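Chain lettering (A, B, C, D and E) follows the sequence in which the chains are written, and residue indices restart at 1 in each chain.
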Amino acid sequence: GSDSNNNSSGSGASSGSSELTIYSSLPLQGTSREQSQAVINGEKLALAEVGNKVGKFTIKYVSLDDSTAQNPGTADEGQTAQNARKVVQDKSAIFYLGEFNSGGTKVSLPILNKAGIPQISPSNTYIGLTTNEPGSEPGEPNKYYPTGKRTYARVVPRDKIQGAALVTTMVEDGCKTATLWDDKTTYGAGLARNIEASAKAQNLTIQDRQGTDKSAANYRSLASNVKSDCFVWSGVTGENGVQVFKDVAAANTTAKLYGPDGVAEEAFTNPKKGGIPADVGARTKLTVATLGVKDLPDASGVLDKFKATYNTQTVDPYGIYGYETMALALDSLKRAGAKANDRTAVLAALFGTKDRKSIIGTYSIDPNGDTTLTDYGLYTIKNGLPSYEKKIVAQA
Amino acid sequence: MALLEVEGIETYYGNIKALKGVSLTVERGEVVTLIGSNGAGKSTTLRSISGLNPPRKGSIRFDDKDITTTAPQDIVRVGISQSPEGRKCFPRMTVRENLDMGAYLRNDAEISSDMDNVFELFPRLKEREKQKAGTMSGGEQQMLAIGRALMAKPTLLLLDEPSMGIAPILVERIYETIAEINRQGMTILLVEQNANFALEVSSRGYVLQTGTVALTDTSDNLRNDPEVQKAYLGS
Amino acid sequence: MSAINSNLESFRNWKHANLAIAVVLIGALAIFPLFKPPLDGFIDDCVLALAYVVMALGLNIVVGFAGLLDLGFVAFYAFGSYAAGWFASDFFSSINGEKGIHIGAGTFASTLPGIHLNFLLVLVAAVIITSIAGMIIGLPTLRLRGDYIAIVTLAFGEIIGRFAVNGQIGGFKYTNGRQAISPVDALDLPLLKEFDSAFSIRGYYWVALTMVAFSLFVNFRLRDSRLGRAWIAIREDEVAAVSMGIPLVKTKLMAYAAGAAFGGLSGAFLGTYFNSVNANQFQFAFSIFILSMVILGGLGSIWGTVLGAITLSFINSYFIPDVFNGIPGSLGLDFDLTQLSFGIFGFLLVMVMILRPEGLLPEKRRRLELKEGIGADEAIVEVRA
Amino acid sequence: MNVATLPPQEEIRTTPVSERLRKFFSAYGLWIVLLGLPVFYGIKDLQDEGDLSRLGNNLFAGLSNGAIWALIALGYTLVYGIIELINFAHGDVFMIGSFVAVGMWGTVGLALTTGTLGLIAGLLVTLIVAMVVCGTMNVMIERVAYRPLRSAPKLAPLITAVGFSFILQNVGIVWLGSSQKGVPDLIKAQHVLVSVAGIDIHNSDVLALAVTAPLVFLLTTFVNHSRSGKAMRATAQDPEAARLMGINVDTTISLTFLLGGLLAGAAGLVYALYQTNVWYFQGFTAGLIAFTAAVMGGIGNLKGAVIGGLIIGCIQQISDNRIGAQWTPAVVFAYLVLIMVFRPQGLVGEETREAG
Amino acid sequence: MSTSGSIDPGAPEVAELATEVEGALLSAENVSKIFGGLVAVNDVTVAIPRKKIVSIIGPNGAGKTTFFNMLTGLYKPSRGKIVLDGADITGHRPDKIMAGGVARTFQNIRLFSTMTAVENVMVGQHARMRAGLIGSILRPPRVGREERGTREKARDMLGFVGLETKTFDELAINLSYGDQRRVEIARALASEPRLLLLDEPTAGMNPQESEVLTTFMKRLRDELDLSILLIEHDMKVVMGVSEHITVLDHGEKIAEGDPATVRANPRVIEAYLGKQG
């Protein structure tokens, strides 16, 4: 049987010491490496901004890899579980920031939940992790919370919101029909389901529903079937997003092209960095859960610092999400005050987040752990960079 | 100076010492035969000479050059070719291509007339010129292996059990041929189980026993040696 | 030195040497977790290693014993894992009017919809499914020779991986694709309380160890049996084997089935242990990973396979992430080695193989073998199997 | 004990129907398999659209795509033919070829604005550099990873090949990151050059066929007719006998790897121009496809590799276009399995004799 | 060694079933084998009586080995019929035919090279054993007994063919050529055959060793009541043991009869024996 003297379950008063550890767990090998790296950069930046200190506590940052050489590019189930257990064992652990992939979170969440460790994901959008709204599976989300208490929050709005944002934009652009492909990841397939649902609600006809295989050399044959006004791809750059857009753009020279935050990065937008060519970029619009500086003046300072620190022209949305993940964690610790080493108190603080003014807008964390943020920014591509157009008012 | 001088060679398979100091010489223009029972080291001696299993000790000189550690392909170049044990034809090449391979290092005008000679010796090969060697019968492959070795037009020809699996009528032919090409000037070192034949065509012979030379003499003397008769010739 | 060697040699030749090694080893391994914290990362690595040992022992039957190069072993991992996913989770949530089917399921699992069988029943299901799958996959390879077998098994591995990713044909959903079937019921055995991996993984460790002991037992028994000899005969020379009265079809299929069963066993365990069955896992690289264990350990050698599996598994889950990647940190450098782990893994494979071409612990037969590079020879045309 | 047990009579006599079926399938099965998809969709197209241009487009695109697979498959088959090694690193050598080519574009200053002549000259330079780099690398890999294992068990080099595949992939990751990188579309790959009978011929198609056809021709001529080619074939069939013919086996094997590498390098460049994207994993995927192509055609057989590559190209296009990209790998491999069932030695593989 | 008891040639039902050649243990009736355009065996009929040694001789490429391969099921005859003890076995699988009592050796030795001599011979008994997958794993007493018995018998067989005890546990590949031939014969014998097919068993043996083998074959026939079908180019051996000889040339039967008749046949002399025969 199992050992019972390790009682970190539920209310774990962590260590008496003044050092707390925040773990991040992301796939550092394979195709997701770049986005993971962006997340880490954001997290480190946010931590550096507070000088690695919250109140009397010193914060240590440990980055774990949830992929393995044998299973790169995504959360390896074994490694993810091991990461979670590693953190459970660490009495100084106070936050677990991850996973990148919703599939990975399904593994780590139940373990961390039992130990009562607060978890924030920088990127999960899958609905079923927090709610049982349409698009989730039966039994979700309760099956991920064996203690019955919520311990998981996320800074990115769940798919439902972005799906609606994308469809709203397409309809506004005058599309009657759309082709929808997804990359078959938890993220891509989940978002696609929400796009479909939203499209139905807004009378946009989805003509062709396909899943792509990222290792395909090209999608020319598949693209020759695209006959609709609009094309939307629900996936991330790392799943061969650039090629998808190039081939669709070539096969159908008039369709308007749309992508989610999964591709709102330079690797996708900038031809010099391997992104789509400028003429395709000119036809492409993206949605990101971040508003531009003109609608969110507070963010500009952080963005500039980010650009300076990491020497880039644009900030990958995942860099922003990473920053906000850490910022939210630190904010919760700060609000827990002297009890920042008490996981229960920190959880209470996390779920007590109200009207937080952040780099991605003002939001609260609802009882499910979801952000109340519904603001999506619409971006076009200028000079190889995502350029903020306007705030989308989604017709959810 | 003898054409081939093998001096005290010791050859191993892994840690097994197959040759324990074999010495022999072959004079230019001779037919010399090696006899001995199974596992005595006859094939190993030939393999050592042609460089497939270089000896760890001892030396091999050919035409006054040391070839002890020379690579097999270079040994062919200096004029030694072998019809190996187990035939080793190229299974997915046709009969003709196999013979062509025999002449791989040659570049003279006589290749095609030499091939005709081989075909004359083994009409079956001519008949099956385009058949893949791998589909030939055992004996047919043996013919091919001999023919291929002849195609190299070597100074010294090493034959490892050329009569194995060959019909009696052809065995005679092969031995006539050996005598014939020897008359034309080729030196031959012959390994045979069929000692009766071998000693008939050769001038001298060596008897190998468990990796050493047990006896050497002229072929006539060996044939009449009661020991040899009893052990190798059958009564 | 030579005295030690000869002692070692005589021990190796002792009739019960394997039994003795196994008993001592497994005994020692059984008590070791008690000296470690219950959630220790090292035990975690050990559980994985043990599960891989079971896989590798299975593949060793197919590749090592019977000489059938199988590049699609991942298929059995997939089937085994899905057995756990299907029969021990809420995946089929609408079954039985959303009330679920529960047979010997744990207390928490009993409250969930879907099919929830006891872990032992899941294992049985996994073994049955994978054995059948093994035979079906084996069928088209029967007339093939040498490396053609490799590609057909590879093809099946890929096809099954693809089916796992797509997850749905028409309206019927049979996997959750890359979105994972999760969570899978915690491991619980009759008479013991549930093994909750959030508090202790010792239970998992012991179950894995038991599976290894079982696999070792079966492997040794099979190797020294009529069937084991038949496999080796087929590996050496199919024509001679069939001429000696060995039915090729049946004997090969049994190798596939037996090998697959272990893949399934381990797959079901891993599905349970990982608490999730994700189509991402079922990639060609996994087949290669397990195959490397077998070859690196010493093809056909049971202890070699065990050692190979442990070595590679630890390189992958302990050495690279926990030791190697920590090197810059301990030197005070801010250099991230994780992006090199892939290459390091490859480099180690190359090094080990070049240093020990015969494998870490070569099969006894191969140690005795003086001549190298022998094997079944040229093709046979017409054996109709 | 009764030794004379014979199988029961029923087993002896096959029923005429099943016998006839068996005969039928062994005679026509392969053709049914090969032609199944195209004929089915051809009829469907005729019904739905009244002409065959859609199928024609699929097949033509398939041929040009397949040409790239063929180039890689040739390298596989050459190496397999000579040392019976499934060279898993080959695809990754090809990947490095692409990376080198793309890197060279930058170096020699090729960009979208470069004029036609400059482009051709630049690409020729790139082609040569990519070929040379890959050829050399392939030879070096053989030296380091396979030659020391010449006398080891047959599967040992398979593992070093996998090891090198990982190493090269890691080089790719460090070089250009871990996701696909779009590269400048120098030749306007998807620009329709001409349209014949409803079939669009793109720049990329012309490029792929124009590079592949002569290379394949040169290679097959070289292997079948040159002295070194003969040496390669001989070494492949029996290295020991080859040495007895005066062939330097090591040199010949190196030469084989060199040729395979050269082709991989060429394929690397063509791939980059054709697909307009590169990534570290492309070699692995392409390698798998090329290996499949080589086996489909009859492993060790040059003609077979080319035919296999072209067939796979066509299947992929048809499947992408009709069945859906998500099923394409499954369709390709299912095809392979079926072909193996009907032709165990591959499409143009040779049979050899039972040695009795 | 009690194989003899297992064969009951006089059993009435067997006699009834016997076709074509009365009382023959095995008969090949008008069999042909065509490879592409090449007729390797053409319409050959051979009957092998019980407890007799019959030889097939003929020039290289005459079709002897091909004929063997048809008898043992490795090749399927293009035409014709093969009958074993009254049962038609044409086109049966090799393992079934072996189980029916026909064992063989190969022209190029085909031992299982990484198995010891004893193990090789144990494989020969495969068809006579019963342990299956489950039995092999659980190893009930029955299987244990069978296993021990098999090993015993293998050692007996190796002794019988004259292998030295100390080489019993050597790997086959490390044995000398002659010993490998012996192990091959022991392996074939271990299957308790009624008919033994030997393809050039003396190839690579010296005349002295061939003589020993000749005696041995006679012993097999007499002590184990075996029939032997022999392919051989060594006329001393062939003439010494055979009771009946069939001569093939270009796939066709050109002569048959007892050794003296065959030896005197001018066609045989011309095609095969040469002047000294």
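Assume contacts are C-beta pairs under 8 Å (C-beta built on N, C-alpha and C of every residue); 3 or more make two chains touch, one makes a residue touch a chain.
On a predicted model such as this, the values are computed, not experimentally measured, just so you know.
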Distance in touch steps, counted as few as possible, from chain A out to chain B: 2
Touching chain sets, computed without chain E: one piece
Chain whose average C-alpha position is farthest from chain B's own: A
Selected pair, greater C-beta contact count between A-D and C-D: C-D
Between chain B and chain E, centroid-to-centroid distance (C-alpha), Å: 31
Separation of chain D from chain E, taking each centre as the mean of its C-alpha atoms, in whole Å: 46
CA centroid of chain A to CA centroid of chain C, Å: 34
Averaged-CA centre spacing for the pair chain C and chain B, given as whole angstrom: 51
Overlap residues in chain B, where contacts from two or more other chains coincide: 16, 91, 134-136
For chain D, residues contacting two or more additional chains: 166, 173, 326, 329, 352-356
Multi-partner residues of chain A (each touching 2 or more other chains): 29-30, 33, 69, 184, 211
Footprint of chain C on chain A - complex, ascending: 1-4, 6, 9, 28-30, 33, 65, 68-72, 74, 76-82, 85-86, 88-89, 102-103, 106-107, 110-111, 113-115, 126, 137-139, 143-144, 146, 184-186, 189-190, 211
Chain E residues within the chain B interface of the complex: 35, 38, 58-62, 64-66, 107-108, 174, 176-179, 200, 203-211, 233, 235-236, 271-277
Chain E-facing residues of chain C, complex: 217-218, 221-222, 225-230, 232-233, 236-237, 239-248, 254, 257-258, 363, 365-366, 368-371, 374, 380, 382-385
Complex contacts: residues of chain C adjacent to chain D: 63, 69, 140-141, 143-148, 150-152, 154-156, 158-159, 162-163, 165-166, 239, 284, 288, 291-292, 295-296, 299, 339-340, 342-350, 353-354, 357-359, 366, 372-373, 375, 377-383
Of chain D, residues touching chain A in the complex: 57-58, 61, 65, 68, 166, 173, 176-185, 190, 271, 275-277, 281-282, 284-286, 316-318, 320-321, 324-326, 328-329
